[in-house]
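Beneath this line is the structure, given in structure tokens, with notes to follow.
The chains carry the letters A, B and C, assigned in the order they are written, with residues numbered from 1 in each.
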Amino acid sequence: MRTRLGDLVESLGGELIGDPDLAVIGVAPLDAATASHITFLSNPKLRTQAAATRAGALVLSASDHQLISQGYRGVCVITTNPYAWFARAAQFFAARDTEPVAPGIHPSAIVHASAQIDSASSVGPQVTIEAGAVIGEHCVIGAGSFIGRGSRIGAYTLFYPRVTFLSACEIGARVIVHSGAVIGADGFGFAADQGHWIKISQTGRVRIGDDVEIGANTTIDRGALEDTVIEEGVKLDNQIQIAHNCVIGAHTAMAGCVGVAGSAKIGRHCTFGGAAMVLGHLSIADHVHVSSGSLVSRSISEPGQYTGFYPLARNADWEKTAAVVRQLDTMRDRVRELEKLVRQLTAKHE
Amino acid sequence: MRTRLGDLVESLGGELIGDPDLAVIGVAPLDAATASHITFLSNPKLRTQAAATRAGALVLSASDHQLISQGYRGVCVITTNPYAWFARAAQFFAARDTEPVAPGIHPSAIVHASAQIDSASSVGPQVTIEAGAVIGEHCVIGAGSFIGRGSRIGAYTLFYPRVTFLSACEIGARVIVHSGAVIGADGFGFAADQGHWIKISQTGRVRIGDDVEIGANTTIDRGALEDTVIEEGVKLDNQIQIAHNCVIGAHTAMAGCVGVAGSAKIGRHCTFGGAAMVLGHLSIADHVHVSSGSLVSRSISEPGQYTGFYPLARNADWEKTAAVVRQLDTMRDRVRELEKLVRQLTAKHE
Amino acid sequence: MRTRLGDLVESLGGELIGDPDLAVIGVAPLDAATASHITFLSNPKLRTQAAATRAGALVLSASDHQLISQGYRGVCVITTNPYAWFARAAQFFAARDTEPVAPGIHPSAIVHASAQIDSASSVGPQVTIEAGAVIGEHCVIGAGSFIGRGSRIGAYTLFYPRVTFLSACEIGARVIVHSGAVIGADGFGFAADQGHWIKISQTGRVRIGDDVEIGANTTIDRGALEDTVIEEGVKLDNQIQIAHNCVIGAHTAMAGCVGVAGSAKIGRHCTFGGAAMVLGHLSIADHVHVSSGSLVSRSISEPGQYTGFYPLARNADWEKTAAVVRQLDTMRDRVRELEKLVRQLTAKHE
């Protein structure tokens, strides 16, 4: 199926330079695009590649357009944020190519009589929905998912197959939850007593805002007494662990394998690289960016990029530097002693 | 529903100072508690906050009682371990507020005729139970869980929805397993042969003791030839990986995202911070405490706290220190050379 | 059930020294083997233990046979790769002891009319199979698994219970996928736009080759526009995250908790220790070996072993060395200054 480029630009904005009647079938990377594809230029390093693309249409900024218009002969769409334009175009084509899910409850689903499910929503095979759960309009609950007693799900929210959403939790509108995610398991709380652990009952909830995305096999624990909160627009990748009582501020994004320990309060518009870890009871300001593999062991009050991982080396070289790391305080003492001796020698010379 | 504080103290122990007829509805944090709540003081830093709490009852130690009794006017419960008392009180209220699960097997569950399920246990919707499995009394098997051929589950054990418990494994009494956990998958064992991997059949089991708790999406692999063993009272948080043939000693606790490689033997009463990693074939003594984000690359025979993570810094500062780390053996050589030169200079002066 | 050792050697190769009529019941470790077991010697450190084993048969190399034939009196099987021989023998006994799964579709499975399932394959209870899926011969699809629209599964592939295999993905022959694995969830792609994240539709697939093994709760995301590719013979342990557009080269093996960020291209015959992390858009050559807990932050073009983790220490010692790490660039400057001063002093003396 083909779409007239002019219609798409009318819908998504941007300035079209060239033939508005170009018929496009979808989006593609710079090097794979054909005369029927839209591609985009966002990274300045790819200007040469963009100038040579065979794409029928190229989305780019005004300044990049000036720089490469000599080379590229196709239709241009000029916009301030080419990547976002491209993302919206990709969403358009993906929605067009996806068969809509029919509303209704699959006969194999086990739904408690007191659960309220909007008639425009779809509940897949082998789903269990417990008493008092409320599911808003146009939701899709994938096969084999579990929705616990008294939990609430906002409109247009999508659960992929095999999501576990436990009792009394709340999730907003337009949320996407991927397969294997577990939301609302008990937080990890124990009181030590004579060598044994006494469980702290976890009676808080998980509350998740609108427009959140939660990756495959990610876990978000319910609060101990208060709630664990994921604010609107947060994006969590796969295999992430959010412990009890955390607050993740709006529009923060975390890559795969990140862990956040209990009661950490993370600001808005933060980003966390893969496998970054945050210790418990810390506060992290808005607009903090933590590099992959870094452990945040203290609160951060200033925006900026933070890093802490041991640099990779050939194993033989690492063996040598790691041996020195183990002795670094001794080396500092040796440098201090040298400074003292050199000062004395210098003094004798003057 | 209200509970008479005097009755609770009679049940849980402790010395009540004040009105035993105080009616309480639950537990709450220091700053959120009302006149109908019990709260507790355990962390000395919170004494001022405790003195000002509006809680109806405060659980605390005798020494803290002396220090803050001027400020706090409610009922006091004096006990040697306020946090453990509070934990038990929270369990009391949580149990009171939780509707008991009715025994019986949901009609949608698929249970093999040879499986033995105690009549006081509950099997939820869409559970599969294979041949020869044995489930003790008062267990709850949550919706969509899988229990493999010949596996055994002790009394009062709770599986949350969507637990996978594979064939021939054993689990004790009063164990809690959270959603998404996979117990008894194959260990990761291969023999290299001319650039290919030959699978080592994993024919051991997983054996789990009493009073263990296993977090959401945690995985515990079966042994290769022998068994993987989780001793009694062990507490595992979410997203933990325990490889084949490991032994985790009694009452050891591990926070989220910890990984333990194959055949590691971990002592009793240890603790592991989040994302700590233990290499294979190591032995770790009792009462060892490993900090978050630390990799244990050798056996540990002495109790104590162990740490090994790169300190976090602003990215620009990390860039500078990481560049030096890569050259640390050179720097050590330069310091040695300086020491030699300074010794020579000093000698000439004497 | 007993097997004649001579028959086994005839099937698996190797030179038998001793009684071919020895009847064996299985394989066992050196220290647990009885007169009815086969054991093996591969690690030279275990020669003394091997010489003393009570195993009925010992698999070993010709050179080890010469070294320990004085001590060990049982039957020997001489082969160039004792561990691989042992692995194949273990597979033989495991297959003999495992009841074969009967072909057919369990009545509780929900299978779309347009799905094609070979009649020699088995589909377990509570499985969902969507439209257009194709399952080859002799497959086993474990209870509660999900197979999405249009996905394809090769012959003799085994899904343990509760695997999620999403739409349009492909998997080869003789693949083993463990419980909780999620294959084909959306990659993590967003365009930033005025403080919000615009989702990049993930329209690529996951393509998995023959003879791959995928561990419990491991996640492999579908590509954004192109595909995520796992080549033949790759072995992935539990809790691994493979992001969108990655290519994992043939026969590469990754231990538990490894993470690979988007668009990384990893060579053939590589190995990754537990919790190793690879940043996005990197290339890693064939035969690269990354140690546990190491973060790969740049491309690697040379084969070899690479490492980068902070060495573990007693916490008090780590506190001291970490304090110096934070000041390492200052220390380098101090060493440079000392070198200058010492050169000046030396010059004055000459």
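Convention: a contact is a pair of C-beta atoms (placed from the backbone, for glycine too) under 8 Å apart; a residue touches a chain by one contact, two chains touch by 3 or more.
Keep in mind it's a predicted model, so treat the numbers as computed, not measured.
Think of each touching pair as a link: the shortest run of links from chain B to chain C has 1 of them.
In the contact between chain A and chain C, the residue numbers used by both copies make up under half of all numbers at that interface. For the pair chain A and chain C, the distance between C-alpha centroids works out to 26 Å. Chain B has residues 108, 126, 144, 162, 180, 217, 239, 257, 275, 309-311, 313, 325, 327-328, 331, 335, 338, 342, 345 in contact with two or more other chains.
Only residues 108, 110, 126, 128, 144, 146, 148, 162, 164, 166, 180, 182, 185-186, 188, 190-193, 195-201, 203, 217, 219, 221, 225-226, 239, 241, 243, 257, 259, 261, 275, 277, 279, 290-291, 294-298, 304-311, 313, 317, 320-321, 323-325, 327-328, 331, 334-335, 338, 341-342, 345, 348 of chain A touch chain B when the two sit together in their complex.
Listing the residues of chain B that touch chain A in their complex gives 27-29, 32, 81, 83-84, 86-88, 90-91, 93-94, 97, 106, 108, 124-126, 142-144, 160-162, 176, 178-180, 211, 213, 215-217, 233, 235, 237-239, 251, 253, 255-257, 269, 273-275, 292-293, 309-316, 318-319, 322, 325-329, 331-332, 335, 338-339, 342, 345-346, 349.
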